[in-house]
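Report on one structure; see the data block that follows.
Just so it is clear, A, B, C and D label the chains in written order, and each chain counts residues from 1 on its own.
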Amino acid sequence: MNKLLKEHLVVAQNASGRNMNVPLYRFVGEKPGPKVYIQSSIHGAEVQGNVVIYQLIQWLKTHPICGEVLLVPNCNPVGTNIKAGEYTLGRFDPVNGTNWNRGYFYDEAFIHEFAHSVNDNETTQSIKSRFRQEMQQQLQARLDAVWGMGLAQHLNLKLQQLAFDADYVLDLHNGPVSTRHIYVPEYVKDSARLFNIPHVIFMPNVFSGALDEAMFCPWWLLTDLVTSKRQQPIDFGVEAFTLEMGSQEVISFQDGQYDANSILTFLTAKGCLPHSAMMPENMSRKAVSLSHYKTLYIQQGGIVEYIAKPGDSLKKGEVLARVLNVDNLDSDKATSDILAPCDLVAILHFPSASVLSGTQLYKCFTDYCEL
Amino acid sequence: MNKLLKEHLVVAQNASGRNMNVPLYRFVGEKPGPKVYIQSSIHGAEVQGNVVIYQLIQWLKTHPICGEVLLVPNCNPVGTNIKAGEYTLGRFDPVNGTNWNRGYFYDEAFIHEFAHSVNDNETTQSIKSRFRQEMQQQLQARLDAVWGMGLAQHLNLKLQQLAFDADYVLDLHNGPVSTRHIYVPEYVKDSARLFNIPHVIFMPNVFSGALDEAMFCPWWLLTDLVTSKRQQPIDFGVEAFTLEMGSQEVISFQDGQYDANSILTFLTAKGCLPHSAMMPENMSRKAVSLSHYKTLYIQQGGIVEYIAKPGDSLKKGEVLARVLNVDNLDSDKATSDILAPCDLVAILHFPSASVLSGTQLYKCFTDYCEL
Amino acid sequence: MNKLLKEHLVVAQNASGRNMNVPLYRFVGEKPGPKVYIQSSIHGAEVQGNVVIYQLIQWLKTHPICGEVLLVPNCNPVGTNIKAGEYTLGRFDPVNGTNWNRGYFYDEAFIHEFAHSVNDNETTQSIKSRFRQEMQQQLQARLDAVWGMGLAQHLNLKLQQLAFDADYVLDLHNGPVSTRHIYVPEYVKDSARLFNIPHVIFMPNVFSGALDEAMFCPWWLLTDLVTSKRQQPIDFGVEAFTLEMGSQEVISFQDGQYDANSILTFLTAKGCLPHSAMMPENMSRKAVSLSHYKTLYIQQGGIVEYIAKPGDSLKKGEVLARVLNVDNLDSDKATSDILAPCDLVAILHFPSASVLSGTQLYKCFTDYCEL
Amino acid sequence: MNKLLKEHLVVAQNASGRNMNVPLYRFVGEKPGPKVYIQSSIHGAEVQGNVVIYQLIQWLKTHPICGEVLLVPNCNPVGTNIKAGEYTLGRFDPVNGTNWNRGYFYDEAFIHEFAHSVNDNETTQSIKSRFRQEMQQQLQARLDAVWGMGLAQHLNLKLQQLAFDADYVLDLHNGPVSTRHIYVPEYVKDSARLFNIPHVIFMPNVFSGALDEAMFCPWWLLTDLVTSKRQQPIDFGVEAFTLEMGSQEVISFQDGQYDANSILTFLTAKGCLPHSAMMPENMSRKAVSLSHYKTLYIQQGGIVEYIAKPGDSLKKGEVLARVLNVDNLDSDKATSDILAPCDLVAILHFPSASVLSGTQLYKCFTDYCEL
């Protein structure tokens, strides 16, 4: 059966001078195969991924794999433990506001340089192996810098060192109050149908700092450069996704089982699970390009009832939300309605009824299509 | 019809040196009758009461009252506006941790002294009127103190000045994730049946700083003292309640209508609404004494699924919650169950899945009875 | 020489399910003598005490003691690590606002009952020993409660178990922006002169939840009860102090040496340090009763220059602080002065220029005397 | 004399649905001249600029100007009022971590397009006027977007609308614990000597979101494009600076006078103050390019004494800071020293003794020169 290796990786030190670490669960199959990397809770309040990993572990303890699966739950020991009131302030470093999922490494110049070093006869396997090696050196050099680096970036680079060896990378997140959705790079659109996730966002080859981008952008650019150089396509077979599995601040073991199955289905299709026959559900899947995944910012402050629930489809002009203004309770300005600016699907909304002007009220699919 | 007087009361100044005020909506009936005081959102994240007041105002604009109803929504302009991450840090002053609902004034010595001043022939009405007047002087003297007072206490005393004139005081709150419940002083147990609220906590004559106590404790003690002095019962007819109307951080206009009706039902029974025939719902009501309303603190840290939902009845030993420990996902210590220590009704639970040891996990009715 | 025993005491678990512990440094002398307990940083931003303990340890490694000294630096591993912006939110539990230094155990009824059990012939040593034993049972019973207890209270009780065995208890704190001051129970006024601390507050026998009170109140009450019962004085020789050693959020190794020497001077006088000849400094010491240690709350919001520095003496009417109001920069209401309400010594002030109305601006000695 | 026009500009609404506004003090001289824009406290804890503006207003009330001076103190009414503990959480939006000084508008494509529209005969004045007009349209179009924008960005754009008309823009900031320093765009290096500020950072033409960049980058790029097109230099005479005037969280009226004088000296040199003869101080000024203004991140967690004070020059290997580790107080690992990685001037350091690994400990000048 699979071997399970368990370690802890030190990623930070707290103000008491104590190490803060991340648990690593590594399953190694008896047969060779792809490498898989799955992490959860880089945003501290997005905890459901830990349950998904728990369910994956139960499965992996009893079913053989080909290759290797590395599971990293609770991958942000700082962000998971910052309480501000009863909730977890998990999206950013409370000291400086840095988003915990924006400090991964990407250097276009390095990739161009590397592509230059690839000669026409080098095998895909050799390129992959060399690229990973040089990327690891790049990462290590930054981690070793004399002037140091910020906490979030340091955490990100330590995780990226683990992830960059993988062929399939899954970063498990939650939205605020949210329905299931997934970010899929455009070059592997077909993989979107391998998950049981009804809402799909297709990502361009643009790096904004997140883990999935830090995985797919380098391989994507390298693919393009080598393809163009050789005038024939090359495929490294590396894929990376961000899965948003419902709402933050809650866990459900049952939902975790569902999402674990969805991931196992994907891994089955990719040849990681030789004895599994799991097939993706026959379900409606809506997809948008990233530029059509739009944020609606409210332009007034007040107290909000979120009428449209995550997953709801609305026609232009239908009511998304109703806002109460406590200073006008006796007049017809007591309430005002926020309307859908166009046909849309509400994917997620802000988790608190109390909003200042300029709050991200909803994120919505617009100009979406059925997949 | 009723007259509506609208004002704003300054209760604080912010760091920009600007006044922060509270809106007052005062309905004055054409006929005399009791005075009613209703406030909401002293805890800034508990916003549903504002919707209830909105619904009350819609009703009061078109139905005559006897006496006066003073409505004070959003009564804490500081607490309502403190964001820490996406949620509202509304239970306590972020500077010093002071609970916004614990700084009201109560002075047993003053009440004893006042009771002493009551002679045997003084009418109930005269006693009430004198007591209110002297109480207002006590409050004003504190507000005028040369050395000043803390922000929360100052806010509390300004509100208490408004509330102390009333015969019926309702303080509208929400729990974290909560079912409806109400705090009722033991001396007016029967009033519990006048609200459409299925869970009732009976309060002793003990002051802990909250508004309802600051209302009922003085009248209760005065009643006892005068009764004992005269050897015959006296009844001032003053009642005060804290209503917990579901969960914080969300609003619902529909639920607000339900709770407004519940309050109107109470006011109908008290003779404030001459044309109303609203009757309390025929429903099951469970009640406990405050000492049997117990808090379950979790003794470990971890990530929690709240299995028991607010309102659920559990037998001793049934599972309240399941805790995930991310460091033991591969062993049978991955999860552990929190069991009901005795038969209970879960009233509310903590609103975040992430908990440190010593977190208030649940508050529960134990040794409850049907009302 | 002294033996040094080092352990870690688990006091909590974080949301990752990991133990949080406190380091214990226990020096045991070759000769018998009093027991000393010193802790620091129960308020997480008050870190200078850790440096003082560091300096004490350097001394204790090379100088013999009689009895035992237990040093507990960084005694609040939760509070020390809560960042909110660049500063440490260390005074209260960020989840619920509970002050980390208000949850110690004190039960007057238990002490009365215990005093009742003391017979006329029981030796002081036997009473002390029995009282400690029963107190430990009380503490343990609370720690074992089925329904659990809050995080701050649990931490407090674990520390109180360590402290209650000691004859001399020192709780090391810092003020916001502060000069050195010390809280001394009235029954050991003379001990105030044994420290090199220029400002002294004499404490009555009233319990408000802090460690020093949780130490001296029980012994004080027991002393009074037994004395009154026997009609002759008894002295248990237990003393407890809170030392405020300058400002929070900063450390200085040099100041730490000064305060360590001050504590060693006290311990010398108490017979703990047989080879030490340290003598208290000949310095001016000002003292007040607690009721004359007054807080000045500002009654407006704005931006404040703190004119009076900690330690400054002011006459009534002199300027403590100047407030800027940004909305009136062009008029003579641009600035306003906060004046001393009476003759006073400024002991500490708020650490931020930005204040809301109702902020604790200064704490001051009034009606003080030279010691 | 100068006319003083005072208004308030609404920039946001809070959760109570109330407008939050910014005071504008506009001095209009009798004679024409340059336009000056000065704002302060975009970062809410950096309050000293408000005092500087107060002092400037005192001067401008009694001394004639040429042109116009617009003063905008307390320009972030949200950030100024977010308390988290005793300090002000003023650098970023507490909801999402967005830095309040990173959302200004800059669009290179638009500037290229505009440059294209400039013909060879157009006067400098006409280009300036047209560019401002079109820029205002760009800003307004974004403010009018149907889907809205985030709170910080909205605030930034409202301020940018005010600032973009000015010839001289000064953004007043403070560092954490900091000595005076100023950011100066490389194209006006000489202006660095017009302020009484001893540390100067020269900025390249790179936009990172801050106000000064949002002012100088467009003009700088436009200058380059038109100069290159016409093959002869053009000078729009627009300058923008960020002044860091000491430490956050404190104000001093005396220091405010000093910095107001420094600004008046600059404005004198620029012809805004016809009757002023103020001359820059004869002082040592050290300067670096932005790339040599380096951040030292600490690689361990612990409690820190900041040995090097802001303004101190250190040789490579000298001690910047000493770190205490509470778990090793008995060993020689109790303290460790952070050394200067090269010759440097310490400009600012972190304001709290308690640091996690990855904290920005110091910002330093390296490879600096005397100006």
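The criterion applied here is as follows: a residue touches a chain if its C-beta (ideal position, glycine included) is under 8 Å from a C-beta of that chain, and two chains touch if they have at least 3 such contacts.
Computed from a predicted structure; not experimentally measured.
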Chain at maximum distance from subunit C, centres defined as averaged CA atoms: A
Rotation angle (°) superposing Cα atoms of subunit C on subunit D, nearest 5: 180
Of A-C and A-D, pair with higher C-beta contact tally: A-D
Whole-Å separation of chain centres (CA-atom averages), subunit C against subunit D: 42
Centroid distance [mean C-alpha coordinates] between subunit C and subunit A, Å: 47
Centroid distance [mean C-alpha coordinates] between subunit D and subunit A, Å: 35
Sites on subunit D at which at least two other chains make contact: 14-16, 74, 80-81, 83-86, 88, 91, 95-96, 303, 324, 326-327, 354, 356
Touching residues (chain side subunit D, partner subunit B) in the complex: 14-16, 74, 77, 80-86, 88, 94-96
Interface residues, subunit D side, partner subunit C - complex: 4, 6, 8, 23, 25, 44-45, 47, 50-51, 53-54, 57, 61, 71, 73-74, 80-81, 83-91, 176, 249-253, 303-305, 322, 324, 326-327, 329-330, 334-335, 350-354, 356
Touching residues on subunit B, where the partner in the complex is subunit C: 12-18, 78, 84, 91-93, 95-99, 146-155, 294-303, 323-328, 341, 354-360
